[in-house]
Amino acid sequence: MVKVKNFRGGVHPEYNKHITGDKPIKVLPAPNEVVIPLAQHAGAPAEPLVTKGDSVLVGQEIGRSAGTISAAVHASVSGTVVAVEPRQSINGREVLSVVIENDGQDAKVPMAGHPDPIQLSSGEIRQRIEAAGIVGLGGAAFPTAAKVNPPQGCKIEYLLINGSECEPYLTADQKLMEEYTEDVILGAKLLAKACGAEKIIIAVEANKPEALRKMRALAGSNAIEVVALVVKYPAGGEKQLIKAVLNREVPEHGLPAQCGVLVNNVGTAWAVAKACKHGQPLIERVITVTGDGIKEPANYLVRIGTPFRDIIDAAGGFAGEPGKVIAGGPMMGLAQFDLNVPIVKGVAGILVLSNKVTKEFDPMPCIKCARCVDVCPVYLMPVTIEKFAMNAMWDEAEDYGAMDCIECGCCTYICPSKRALLSWIRLAKTEIAELQRRQTS
Amino acid sequence: MEYLLLFIGTVIVNNFVLVQFLGICPFLGVSKQVSTSVGMGIATTFVMVMAALASWLIEHFILVPLDLVYLRTLSFILVIAALVQLVEMFLHKSIPGLYRAMGIFLPLITTNCAVLGLSLNAVLRSYNLGESLVYGFGAGVGFTLALILMAGIREELEFADIPKPLKGAAIALITAGLLSLAFSGFAGMI
Amino acid sequence: MNKMIKDFLRGLWDEHPTFRIMIGMCPTLAVTTSAINGMGMAIATTFVLICSSLLISMLKKVIPGGVRIPAYIIVIATFVTTVDYLMQAYTPDLHEALGVFIPLIVVNCIILGRAEAYASKMPVIWSAFDALGMGLGFTWGLTLIGSIRELLGSGTIFGFSVAPDGFTPFAILTSPPGAFITLGVLLALMNIISDKIAQRTRANQQKTAS
Amino acid sequence: MYNSLVALASMGGLGIVLSVGLVIAAKKFAVQVDERIEEIEIALPGVNCGACGFAGCRSLAEAIAEGKAPVNGCPVGGIDVASKIAEIMGTASGNAPERKVAQVLCKGGCAEATQRAEYDGPNDCRIMNIIQGGDKGCTYGCLGGGTCVEVCPFNAMYMNENGLPVVIEEKCTGCGKCVEACPRDIIILVGEEYGVHIRCRSFAPGKEVRQVCKVGCIACRRCEKECPYDAITVTNNLAQIDYDKCTVCRKCVAVCPVHTIEEQEGKPEIKAKKAG
Amino acid sequence: MNESAKMIVVLTIIAMISGLLLAQVYHLTYDRIQLGKAQALRGSILAALPGAVDFRVIEAHPVGGLEDDRSTLRSKPGSDSDPLLLFQGLDENGDPVGFAYVCEGVGYGGIIKIMVGVNHTSELISGVAILEHVETPNIGSLIENESFRNQFVGKGTADPIALGQDIDRITGATVSSRAVTEAVNRDLSNALQAYKEAITNE
Amino acid sequence: MEDSRLVLSPSPHIRDEDTTEKIMLTVVAALVPVWAAATYFFGFNSVRLVLVSILVAVGSEALFLAIRRKPITIWDGSALVTGMLLGLSLPPSLPTWMAILGSFIAIVIGKQVFGGLGANPFNPALVGRAVLVASFTSQMTTWTMPFTDAVTSATPLVSGQVSYAELFFGTVPGSLGETSALAILLGGVFLFYRGVLDYRIPVGFLGTVAVLSFVFGQDVAYQLLSGSLLFGAVFMATDMVTSPITPVGRWIFGIGCGLVLVLIRFWGSLPEGLTYSILLMNAFTPLINRWTRPRIYGQGVKQA
């Protein structure tokens, strides 16, 4: 038994990966209409390149990257632009989006592939990543082009490929690793070349033996190390992954690059491989549709911009009355109230929980059991920050490291008194950020 | 060794605040925040050592030789008051940093009965100079300890849903009572 | 005349030194192990309070502002020492029971506080009434605390055994923790009472208003 | 007799030494400070008992002078001292400013506004606002979490049955805590004499407002036209009152088709302004 | 007169008057206080020495000093300068009945001062009186009870007094009763020796 | 389907199954062997005192909350635990009315005046016990031999001369729950297995006592097994509300308890310092929390 890589803190929720773990990835037909928000990534929203009435082709750039931290947006279907207007997005806000009516032709813009992409120079790879509008597919959706271009003075030693997928229920990355093993490994090598990393390590949670086996089989010949990670949430958190695999820590308020590491999701690697091999921009991704509120849970390859409603319908619709529809996993996903919101680049799944799972949690007084302190993967004292936040003591909350919170939700998950710790910490973060903004201005 | 025992005895066994009831007013008044109570505690300790020294000198060079023991209370309190005021003025002018950290507590200490109590007790127990100084230092540390413990608890209680009639001084007194109860385990130790 | 009565009554409830303003806590806690000790302490304090208030009120024109605190302290300390010696001579037992807390009357905030806040600004006769009110307030407060602690903690009151046979005294009340807790609970009760009074007066006001 | 003389002499000596020392020290170590602090300190009892929670009377005096403590911060001094300090502070800070009270600019409670989801989380508007922008159909209106009521230090607000906060104007001190806390910025401080308010903060177009709220401003501009003093302007789909111009004439109240504009009883028209 | 001078003069005058006043008070009450103290001391000495009607003070210098005692927190008399005071009890005829000495123990609340009387001939304890204590009323203070104190009568140096065997522990006041027992026990032989030396030297 | 509104809530959307009630009931379950042993040794007295303590604790909690017009939260089990702990720490021969008084004080003065569950700075059961000891010292320090009503006046800690086996199984005089080390360890292991007990406090506590006993030439096993140390270290010191929340803090707390206990046992004048050692460390808890904040991830890491 190889020792699995561990880190301090974290929780063991019910994983429920068996629901879709053995379901192969199905390709979901492009919907009649896609809604493509121009802000799907961290950083500045893309600038629209099309107007109402324009006709577009699959892969055509419809939003131009608007700065260093930004990403291009592409049409995922061919057809006519019916609107460029604010539409409801998964974060509950209205976001400027391009709505395209699918003409069913699936006519693609010419895409320049490369038969042996590994021959590309690192500059060329970076260029292709940027052109393809690739962002981190793990959830944060940080523009990959910016990421692989580390700041001055940072030497990247390791490229970590994050295949841990620690969110319960979700199996998209797992299936990707099992079915597109080669492309993922190619993507990893391309990314390593792009950022100049010396060594590639692929980390997979130990509860995905099939993915581990397939990865190991291919990695060996490519001088890539594959490590088994402890089965624990949030093993896939960037900082936790680095700590577990390399026993290094990212400096506070710093970037992984500052400790010589770059972390990329397997989905990102796959997207990079496709961009370099086929010249295909990021217009589709693998997602998991699951939960006890879904009739036929499955893994799908879907076009970016497909409305939730279409995907849920494809998965057989709701089983009974739905309680919550969540974009992402149960720990960090965002609850949705509008089924017309589209799948964006950073969404790894749709989780539908029935009313009985989403029963109300009545907070009781804190009994200071300190479980939240024990499970916090960034070693905060959530209960203390919560206390300060509830009393609007923002300075104290900041002093206790509120801004270091990664919002993984472990504290709230574990709390026996069912207190909404994360919500209050999140509030503290917003308030502190607001105060800081006011101070600097 | 004797000095050490005297020190420990004064700090925990016969804690000025919790066992001897000296300095209760500032104990209840200034124990709302840990940071403040640390400053107050240090300032008090400083004054206590000075007072122990001054009162010993007065007792042995003025009151006893001149047979004026009846002026003890009067002369002690006067000297303490003057001393505190002088130190405060000196700090305010000369070391403003220290004044802000500690000097602002000084006026409060004049009427701290722990200081006068200390001077009187040291004389009544016929301590020699060394013992008086240790006694003064121990009393100050004991006062500081009680103050900081109390402040720690009270800061927590700020967040608690305390019944309305008990808010403020009442709950502080009950907390002090329980604190005193905890300290009573040392009773009779030294 | 009205003002004098008001000044007098103020110390008994509205600005009660123990239950309202919370000053002079050291003797309040330390010597109230029995009713007689509490009362003795309070009377001694009252005596000093009245005398020094009178004297300071008389001297207020003479004493320059810069040395007023040292001057007041001297006046107070003189009376305290007098009381100390008188008690030692005539009530040696009580003197022993109160111990170091008699000289500590000097630093009792009630006295210096009234001297500063009232006697140094007001005419002599008003100061006397104010001091008397404060002193009596202090007296009933300390006597009450002393009685409660003595009754429950020893089963006696003013030294007379009043408890039935087989009464097991609740001895913690005579110890330091008991002092704190008793006063804390009493304070809470006072708060409840004055809340009730305030509610009633407000209700009455509304009734008369409507 | 001899002993008495010794006592006399030694106390005299002590008195001289101490007073000379103090006088010299007072001169030598004199520090320039805010005069008000001096005055307040003299007004305070000077007992340094610590009952106020500050480190002595001087600290309290400084805190009062800086506005960090109330004028009645001294529990020992009572009303006399408080009024004296108020005088000192008053003379320095000039005339009292006009009294402002909080006004809630949203009428869309449970009965009038739609919900777009069932909210299940901490009952705090600021948190609701972070979580997907809250459960309310209108993204500008009151979230009904009662955070303003919670933060009010004077118990001057309460939530009515319709899920909207109500200001008890007699208790309101205009401290602005609720204004700060409201994530939707629907609470403003207005001079207490103004009795007409447009209770909506939605910048959405009229059509959208109608979908989510029965009493939201639809930017029909009738009030703007009606106002004889040009106190109302409609910008960004929302009618807003310029209180400096408003005379509380109440003409706008009647014309509003959705009853967004509300008048308060007991606040008469301001004649003086009309003349000027 | 300028302000500073006025301050100095006023304060000095007040201080002087106060000093004068207190001197008078002191002298007025002096006799009575001394009388009270003497009476109290006499009472406790006579209580510790049954049969005595008067006493005289002997200054003794115990050889090697009394055992250094951590509990009283200060060096014991024993150095040449500090004599140990022994009170010799005398009967009607002026013959010695025994002697008494003061010892201290630390109880629950603080120092307990005890007067121990020793019979002249038998050299056994003839009585014990509690001079000062600050024990908890009704628990520790029971050491003042006659039933507790009388247990010491007849005990001597030959047989170290042990709590629980010779002396019954006061229930609930182990600390106080132990403090008394230990204090009595500790100094007994030294005091006895000092007494013997003192009277032979005379 | 269109009509039903979806639920909007902050993440995380799933919660652990453990609840406060479950934690409290786990502690109760862990106390069952202790109570059983007490009943075996001391018979009816054990049932009488513990039952009375529990009833009064729950009853006074309900009463106090009713007076405050707050929701009656007696079903969270915290008052049950307090009552049970207090009951088990009483000597078998104690009059019933004293148990009633102690339990009432534990809940009202020890807990409810501070605002109820989670707000009390001191362990309520220990507050109740300490008040009883201070008030009725003789009754609280009079123990009976197991299986008999014969009164012995001292704890084994003082009188000594009992075998390790007797100490381990509990056939010695003592308070109800504290005599049988076996039963206490059973309960402790169960608590640890259920994740309710943090090992740092008992290990730090007992370890400190063991080491110091060894250093001062005392019988280590005897010091560990006698008196109420084990019971206190497993059930009282580990009370979540009144012990520190930081990992380092819990070590400090445990070691501090041990130090104070040894100080009182070896040099103090009281026969047993357990109650005071824990109460004293309870007072330190807020300061320990404040001064043992864990190093935040990435804090102090040099930027490469």
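For this structure, a couple of remarks:
As written, the chain order gives the labels A, B, C, D, E and F, with residue 1 at the start of each chain.
The definition used in the following text is that contacts are C-beta pairs under 8 Å (C-beta built on N, C-alpha and C of every residue); 3 or more make two chains touch, one makes a residue touch a chain.
This is a predicted model, so every value here is computed, not measured.
Hopping across touching chains, the smallest step count from chain D to chain E is 1.
The fewest steps needed to get from chain C to chain E, moving only between touching chains, is 1.
Chain centre most remote from that of chain E: A (centre = mean of CA atoms).
Distance from the chain D centre to the chain F centre is 47 Å, each centre being the mean of its Cα atoms. Chain geometry summary: the mean Cα position of chain B and that of chain C are 22 Å apart. For the pair chain C and chain D, the distance between C-alpha centroids works out to 39 Å.
Chain E and chain F have CA centres that are 44 Å apart.
The residues of chain B that reach two or more other chains are 25, 28, 70-71, 74, 78, 82, 110-111, 159, 163, 166, 171, 174, 178, 181, 184, 187-188, 190, listed in rising order.
Among the residues of chain C, those touching two or more other chains are numbered 22-23, 66-67, 69-70, 74, 77-78, 81, 85, 109, 112, 169, 171, 175, 177-178, 181, 188.
Across the assembly, chain D contributes 3, 7, 10-11, 14-15, 18-19, 22-23, 26, 47, 49, 51, 116-117, 120-122, 127, 130-132, 134-135 as residues in contact with two or more other chains. Residue ranges of chain F in contact with chain B, taken from their complex: 68, 109-110, 112-116, 119, 121-122, 127, 130-131, 134, 260, 263-264, 267-270, 273, 275-277, 279-280, 282-287, 290. On the side of chain C, the complex with chain D involves touching residues 10, 15, 20-23, 65-67, 69-70, 74, 109, 112-113, 116-117.
Contact residues on chain C toward chain E in their complex (touch as defined above): 33-34, 62-64, 66-67, 70-71, 74-75, 77-78, 81-82, 85-86, 88-90, 92, 96, 153-155, 169, 171, 174-175. Contact residues of chain B toward chain F in the complex are 34, 148-149, 152-153, 155-157, 159-163, 166, 171, 174-175, 178-179, 181-190. Those residues of chain E that touch chain D in the shared complex are 4, 7-8, 11-16, 18-20, 22-24, 27.
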